[in-house]
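Here come two complexes built around chain A, the first alongside chain B, the second alongside chain C.
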Partner chain A sequence: MSAAGDANALPIGRRLRRNAGRWTLNVGAAAAFIFILLPLIFVTWLSFYQQEIPSFPPTGYSTRWYAEAAANSRFIKAFVLSVQVGFIATAIGLLLALPASIALTRFSFKGRAVINNLLLMPLVIPGIVLGIALYVFQVEAENATDLPIMGSFAGLVFGHTLLVIPWALRLICASLVGFDRTLEEAAQNLGATAITAFRKVTIPAILPGVVAGGMFGFVSSIGNLELSLFLVVPGQTTLPIAILQNLEWKIDPTIAAISVLQILIIVGAMLVTDRFVRISRVV
Partner chain B sequence: MSADAPQRSAALTATTLLGPATFVAALGVIGPMLYLLRYSFNQYDPRELMIETFTLKNYQAFFTNSYFLDAYLTTLRVGLFATAVCLVFGFPLAYVLARSTSRYKNLMIIAVVVPLFVGNAVRAAGWMSFLGSRGLLSVTLMNLGITSGPTDFMYSEGTVILGIIAVNLPYMVLSLQSVLEGINRNLEEAAYSMGARPLTMFRRILLPLALPGVAAGAILTFILAMNAYATPVLLGGPSFRMMAPLVYGQFQLNNWPAAAAIAFILMLTTLLLTMVVSAITRQKFRVT
Partner chain C sequence: MTGVQLESVCKFYGDFRATEDVNLTIANGEFLVLLGPSGCGKTTTLRMVAGFVEPTRGSIRIGNVDVTHLPPWKRSTGLVFQSYALFPHLTVHQNVAFGLEMRKVPKSEISEKVMTALQMVRLDHLGERYPRQLSGGQQQRVALARALAFRPDVLLLDEPLSNLDAKLRHEVRVEIRNLQQRLGITTVMVTHDQEEALTMADRLVVMNEGRIQQVGSQRDLYDRPQSQFVASFVGRSSFLNGRAGGARFVTAGGLPVVIDSRLEGEAVIALRPERITLANAPLADTPNNLPGEVEFVSYMGNLIDVHVRLNQHDHVIAQIVNRDDTNVPAVKDRVFVSWAPSSSVFAK
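Then we have the complex of A and B:
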């Protein structure tokens, strides 16, 4: 018995009403979908305007703003800093989150939930609150140790590492939970040491989770604004801050072109991640 | 060999594995939050910047100053309104995505996820080019003869709400979609075959079952709306005030105690409302 068959047997009035409902639903869904993408579409459109002052309609289209963006040393510097911080924070975050995920999924002990929550905390505390808290902490740490902590590269990396850990932890834990441990035991029965079994059997099996965790961590580091606001010093800003500061002053096609480059990096990272894990299952 | 030796070595392994990450998180979260709390009881002084003391003045000043209170109420209003709209507009898209069997489904989900990671400033830039006095909207309205001159749609509460909705909608859609995905389709068909109209089915079957997702999505979008920074700064303009920009503003004025107190008021308000919502949802579950 098929549902479609039943629907055809319904009186015509009810069938029409059901179709109308379906249409409303689809139109509503399409509207929400477009609305989500609309700002990205507008920014991309603006980046191809010919004239510098963004008035509609454009006098023509051009790709020169991309060349302009590539030649803008302030944005290049900010971009390089963002990528450096993102890479280092992701590497450290993964190194910390991988063993932690193993402990959290394979051992049961008192306080496990507490530690789990502590590690996920940076995603829960609002960025602006954690940002100012880190700033205050750096003030105190610098006063106590006389080390140059304020506005340092290491301080920025430390803050971003806090952001990477929860993403990496969530995704690695998810893949560890789905991993069949008897495979590891089988390897050990065949003579492998615990470490070899882990390296040759477990790591390849959970690699998708590790890659996805790293990607999400990297992407959230690259796009972070609120935390970084408190951790940078003038002359050494990350890309999102450089974009914000420029927009507070004016909007032009150059900033749009830079934004499009950021969008492309994120789309690329997402498509790569999707080859390893279905995105729909991890977010 | 004692019986608890393996247990002890397991405990040692777990500690070694978990230790470094826990240390970093404790150093980066607990320490800073405690210092921030301590700072919120200090006193600001224009000459010495900060005097170490123990006073509730910063909290008191917040709730007696109309400048701060305005920002507080605006933030609550924007947060609640944006969350309600996200719920209404997010549900259809979440439902269609959850029930989709299209081979482009994953691509559609990526399209919903990508804007999440593109900074809010970038998305605000998109709205700025659309809503400015020389933007597409203003020019189209002029061409249609609806308005006679250029209209600037920027720098209003409505614009900020629009921007925040666009920022938060993906979170709502993803929260709802993950729950709807787990609801058996046959339940819907059963309701229809017994003569329920679509809206009745939605009200009596789908909504109660999706309630955990509704609560999770509403809490998440509300937290994000309350703490929005880039959107109110860029779309609301210099005279529009919400809590997160206020924290940063006080910080830039070097008034750290006030900034710390405002940060805690913001966080506690969010936490309190979140707990109320979860309590109500949990109660609803026990009743039905």
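Then we have the complex of A and C:
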């Protein structure tokens, strides 16, 4: 009997049980996948509706809402601001998280656990609470210093930096822990100073973690609503807030079109990142 | 090329003494092996020469330079790590070039020197590969080429063969030794594998608990061990405890033994298994001839270990060669064991 025949020669009961297990897994995975994708599919569908008031079934399809969104200067302005804040906050967050990660993973000192938890805190605290706290802080800071802090661009970036830090910290720490430090010793043995060794050997090795941390930080900044609500002023709003404000007046599919664009940007960012570092390896 | 000198080097971690009072002079071009069980201080010693561990006391010189407090990058040592530690994001060529670049070798010369180094380990055809695309043995050789490319004063090998399988280990062993002799480079290797140590070294250093136990050639260590530790760590020995006095020795079980030693008091005799003769009847011409009963026979193909119990306290292992005419004793056989009076004796 051939080897393949042997595999099929398992007792019928065990074969059924094994197949049943595989089917349960596949069905479960498919259900979860649909559950996650369904809202995205509906939003995308809605963005191509012809009529202004969403109703089922659609009277026809068009791309006019995309044109409408592109022509809306408030959305454009909000989008630009979101991207600016996202980029700057991500850059600052990474610059702070990298040395913090090194200190947390390589040195043991008093209060290490406390600092670690403190830096991860923004991930756990509800955004709304963080927003109120920052708002109060900014009021106090402005009163104390007489600087225009409230509603400033810098204030907004500061708040979003807090969103970036935990992601950057977690992912950079994870790659530093997995990094074999004998590589640094090898570089030093070959004549590299401690700093050169870090730059030439450690940084390339932990780059996937840094990029992934930056990307997650950027995505959480771009999508943030609750925290930003407390930090913006009229005339300077981020995209999620602009969407919310628009929804208070009408519910035409322009919002759906903008959401689709937002999703595409994030998907694009992930695909580009994935070309440089395998996301599945670091997350 | 240059030698290395360690002078009363100590390294303490709090109360723990990793190495204590290590004195060594390694001659120019010599292959010295530090041998010992894990935690004996051999790796700490090597890392002090490389500059990754700063001695608590003592001094280290490479050539005429006191390097005791120099950082690793200001020393000229090429270290091969147990894990190879090749840079995963660089190709084989770039890995080997790293040390040359760091040491500011002119760009025009780097490529040629890399090729020379890779030719030494017969890997010049794999320069564009990444380390993950190489086998363990090839990675090992790249690590060796990388450590040698910038022509360091000293080559340091930290258990370089322990991650290779047995067959490859024999090959790389010969390769490293040949290369070392061809280049005439002063080399220090750390290992816990005595076969590796015995086959590669010019001179060996046996360490235990942070201290040097004995320094010498293979013969010195095997034939003339100076302590019970060395007798048990290098090769195998059966030990007979007892009391010595006036070239006589009485074992714990009361057996009289002739020894070539002026020791007095509590002592221990170390017997190499292959130097014990096994016979069915007492041999006429040897002074130490003791009857016993075979307790256990361990058959290893070419060799056979025969465990012989002399009495309640005394027990020896004799090793015999498995020839056509070898009379292999069976368990419970009555036999006679004998050995020369020149066997090593240590004070307790």
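By our rule, the second predicted complex is superposed on the first by the 241 of 283 C-alpha atoms of A that agree within 3 Å, B and C clash if a C-alpha of one lies under 4 Å from a C-alpha of the other, contacts with A are read in each partner's own complex, and residues count from 1 in each chain.
Keep this in mind: contacts are C-beta pairs under 8 Å (C-beta built on N, C-alpha and C of every residue); 3 or more make two chains touch, one makes a residue touch a chain.
Everything numeric in this text was worked out from a predicted model, so none of it was measured.
Asker: In the superposed model on chain A, is it clash or fit for chain B and chain C?
Answerer: The answer is fit.
Asker: Could you say whether A:204 touches chain B, chain C, both of them, or neither, answering first, second, both or neither?
Answerer: In the superposition, A:204 touches chain C alone.
Asker: Decide which partner touches more residues of chain A, taking chain B and chain C as the two options.
Answerer: B
Asker: For A:103, decide between first (touching chain B), second (touching chain C), both and neither.
Answerer: A:103: touches chain B, not chain C.
Asker: Between the C-alpha centres of chain B and chain C, what angle is opened at the C-alpha centre of chain A, expressed to the nearest 10°?
Answerer: One gets 100 degrees for this angle.
Asker: In the overlaid three-chain picture, which partner chain does A:178 touch, first (chain B) or second (chain C), both, or neither?
Answerer: Neither partner.
Asker: Using the touch definition from the top, say if A:268 reaches chain B (first), chain C (second), both or neither.
Answerer: Neither partner.
Asker: Which of the two partners, first being chain B and second being chain C, lies in contact with A:148: first, second, both, or neither?
Answerer: neither
Asker: Rounded to whole Å, what minimum CA distance do you find between chain B and chain C in the overlaid structures?
Answerer: Here the least C-alpha separation of chain B and chain C stands at 8 Å.
Asker: Quick check on the output: what are the common chain A residues between the chain B footprint and the chain C footprint?
Answerer: After superposing on chain A, no chain A residue contacts both chain B and chain C.
Asker: Inside the complex, what are the residues of chain A that reach chain C?
Answerer: That would be residues 180, 182-183, 185-194, 196, 200-201, 204-205 of chain A.
Asker: Please give the residue numbers of chain C that touch chain A in the complex, ascending.
Answerer: 50-52, 71-73, 77-79, 81, 83, 85-89, 98-99, 102-103, 146-147, 150
Asker: Any idea which chain A residues touch chain B in the complex?
Answerer: 3, 6-7, 14, 17-18, 21, 25-26, 28-29, 31-33, 35-43, 45-46, 53-57, 96-97, 99-100, 102-104, 107, 109, 115, 118-119, 121-122, 125-130, 132-137, 140, 158-159, 161-162, 165, 169, 219-220, 222-226, 229-230, 240, 243-244, 247-248, 251, 255-256, 259, 262-263, 266-267, 270-271, 274, 278-280, 283
Asker: Would you mind writing out the residues of chain B in touch with chain A in their complex?
Answerer: 10-11, 13-14, 16-18, 20-22, 24-26, 28-33, 35-36, 39, 89-90, 92-93, 95-97, 105-106, 108-130, 132, 134-136, 138-139, 163, 165-166, 169-170, 173-174, 177, 189, 192-193, 197-199, 223, 226-227, 229-230, 233-234, 244, 247-248, 251, 256, 259-260, 263-264, 266-267, 270
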